[in-house]
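Across the two complexes that follow, chain A remains constant while its partner is chain B and subsequently chain C.
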Partner chain A sequence: MEFNHIIKLKNFTTTTLLAVFLIFCSINTFAEVQLSHESDGEAASTAEEKFDPTVTILEHISDTHSWHLFGHTSIALPVILFTPNGLDIFLSSKLVNEHHQAVAYNSGKNTYLNEEEHIKILAADGEIDEEASAHLYDFSITKNVAAMFIAVITILLVFTKVASAYKTRYGKAPKGLQSFAEPFIIFVRDDIARPNIGYKYEKFMPMLLTIFFFIWFNNLLGLIPIFPGGANVTGNIAFTLVLSAIVLIIVNLNGNKYYWSHIFKPDVPFWLLPIMWIVEIIGIFSKPFALMIRLFANITAGHIIILSLVSLIFIFKSLAIAPVSVAFVLFMSVLELLVAFLQAFIFTMLTALFIGTAVEDHHH
Partner chain B sequence: MVGSIAAIGAGLAVIGAGIGIGQVGGKAMEGIARQPEAASKIQTAMIIAAALIEGVALFGVVVALLGNNPA
Partner chain C sequence: MDLVTPSIGLVFWTLISFLILLVLLKKIAWKPVLSAIHERERSIEDALNKAEIAREEIAALTNQNESLLKQARAERDEILKQAKTLKDQIVTEAKASAQAEGNKMIEKAKTEINNQKIAALSEVKSQVASLSLEIAEKVLKTQFADKQAQETLVTQLLNDVKLN
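Let's look at the complex of A and B:
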């Protein structure tokens, strides 16, 4: 696959400068968060003022009910709850006071408290009502969901434009966004779908393209440290679980009789059959499970490494360590750009491979 | 104590993945050197094999992470 035209772009230097600038932004936002933590901590005991990288890192990679922008500014996101008393919708800003501490909120149906991003129902005496909280289903638009919507809108905008360009510019050379999308679409078709699925590949192209671009755009948005990005969407196990569940369903629904006969009637002595059934049925589920863990762990690991490198500044409490830290963060961010593409590629590639084994014709 | 043992577990998982991916990468290099025209096919197969090895190693790392944060 040729990417030379991307590097030879006229405004490549501008893009590089912007990328470097954005990386410095990550440091700045991080520093402001840290400052706000310190100012919060002044009132608290001295033990809490000590910087704990684990807490800070986990806070940055986890899902939240509000989207923190910088300092004391954050976007309130809608909270949607199915409770035993019915549907309840309100803004997440109701759950915090002006000092950003969690407070109880009475919606008229229930009293809620946001306990470490798990919303609980409070009983009349102010204690957490565990029984009612167990029947609380949280369908909120959290930070991850909002970031995913942004990715979906971006993908829709880009690809409706590309699709209409193919109609209006039929037979002409690609132009603009089209020249961005075309190499990747052809890459998915010629290097992923066709070699792995065979001649039946066309039916699966829309799904493979959707998976590829959805994961890739979400990975890239996760690498942007400021507002539209920054959410750890592909590093959320629920997100990867749903993607791999879709793969599981698609692969098994399209399995032909050879696929199922490999599972239930493999060429083994008859007394081995019960063991083979167990092994093969575990195999059906372990393949999408590995997809789920791979994407989740890779992206989360990347975020943790970048945040750890920034944390070094606050662990050593020294400005002298900052240039080293920034240099490593720059290096890791560039590496993560590669990983973002590679993980989208691997996920799509393995999906195509699994579909290929399910639809291939018998050849013994 | 739990945290340090979990960290040792993560380290061991990484050793396994390192050996595995090292083997895959080395053999792929050899293959490409012998037959440069097959480079793109070898690369694809190499990435798939590396991803499968990495997946198993990441199981280890995730278990180590879970062991580190009993919550």
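Let's look at the complex of A and C:
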């Protein structure tokens, strides 16, 4: 496969890519040092009401059952649970008291406790019933699910409008929202789908476009610090897992005989075949796996960096550090804006590339 | 570890969201948008091609016009030249024929004059002859009227003959 065109693509020169990655490397280490340092201090100061950035940051980047807006205000989201005693639906506000502390809630079927965002079933004696909790399946509309729904609705609204513009302004130059969307649609078609998949690209266009805009809109919404943004949807492993699983299925369902013969009858001495089978089968899974980790790590890292920078103010307990933090956060936010697009692009690009290898007509 | 443990709820809802989004967008957005873009690109390409063809046609027409003009000019020049030659020729011919005609007429006139002169002369001659005869007749008549004179003359003549 030729990978050169990824790097040669229009504005993404090697240097830019390298620069972006280098920035990540350095700031990531910085963030890690910061985090590990703080977690050392955590043990010593649990008694005091000391600010713990690790907890705060992890709280912000992980999924929650209620959507914290500001101060003591949060949106209660529906909790949907499949338990051995049947389906249970109630609002997440039932699981906390007026001081926002987790309390046990008896729905009639079970007694639940939200233990660090993992809902557990309590036994009659008030202890956690581990066996019953293992059979509890949590399908709650969590913060991430709600944020994802908002993204889905936004995308649907935007593209319904765009599509209607194509009907009313048939054959004319794009205008308004349409002229915002069209370059990206054409970008996906001409720079992602066509060069990687070849003439069969049309079949995969809806797939690639949906992946691209779904990731990108979720990335962008994640960058907004206030409601309806702020959720770390694309930085959640479950989200990336689903997308890469879809990619895995699409790629292998569309694999033609050349693709499979490349996997099962590679051009090697026969005694190497068993090894090659193992390698190739690992390869089938490692490619989407890399997609999953890449998106998850990039977005989560971005959120962690920004949160760490903000945390600096509270760690130093000094307002003097605020301008520095804000400047860095601003810089990182702008960079994240680029990364939001870049990650959506890379995910789509690699998906197209994998599809391309699966549908390629003749092998070299 | 929580961070890298996918929760079943989010997996489920992501899958549902993505599939719904894919189906809806494919139907309401991607198909019409892509076909509209494709159509537009094709029509733009068509228009450009047509413009190119038109341009070529115009260029060809201009060329044709120019060559026609050139040809027409050449033809005009040729015709003018021919006309000039023809005119010259006609003039020369006319001159020549006029000359010839004139000469002929002069010749004819000369002949006529000659003939008239000859005729006049011969008439004059015959009249002179008849006049002379008349005169001679009259003279003779008068001469012969006088017998004496006659005899004298004869005698004289006879005398002359003797002398000879």
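Assume the second predicted complex is superposed on the first by the 315 of 364 C-alpha atoms of A that agree within 3 Å, B and C clash if a C-alpha of one lies under 4 Å from a C-alpha of the other, contacts with A are read in each partner's own complex, and residues count from 1 in each chain.
The working rule: contacts are C-beta pairs under 8 Å (C-beta built on N, C-alpha and C of every residue); 3 or more make two chains touch, one makes a residue touch a chain.
Bear in mind that the values here come from a model prediction, so they are computed numbers and not experimental data.
By the touch criterion defined above, A:I246 lies against chain C but remains apart from chain B after alignment on the C-alpha atoms of chain A. Look at A:F180: by the touch rule set out above, it reaches neither chain B nor chain C.
In the superposition on chain A, A:A290 makes contact with chain B only, not with chain C. Contacts of A:R189 after superposition: chain C is touched, whereas chain B is not reached.
In the superposed model, A:F149 lies in contact with chain C only, and not with chain B. Of the two partner chains, chain C is the only one touched by A:A163; chain B is not. Judged by the touch definition given at the top, the superposed model places A:S62 against chain C, while chain B stays out of reach. By the touch criterion stated above, A:S140 is placed in contact with chain C alone, chain B being left untouched. Ranked by how many residues of chain A each touches, chain B and chain C are led by C.
In the superposition on the C-alpha atoms of chain A, the part of chain A touched by chain B in one complex and by chain C in the other spans residues 58, 296.
Per the touch definition, chain A reaches chain C in the complex via residues 58, 61-63, 80, 137-142, 144-145, 148-149, 152, 155-156, 159-160, 162-163, 166-167, 170-171, 181-182, 185-186, 189, 202, 205-207, 209-210, 213-214, 236-239, 241-243, 246, 296, 300.
The residues of chain A lying in touch with chain B in their complex are 58, 191, 195, 290, 293-294, 296-298, 301, 342, 345-346, 349-350, 353. Those residues of chain B that touch chain A in the complex are listed here as 44, 47-48, 51-52, 54-56, 58-59, 61-62, 69.
Residues 2-15, 17-18, 20-22, 24-26, 28-34, 36-37, 39-40, 43 of chain C are the ones touching chain A in the complex.
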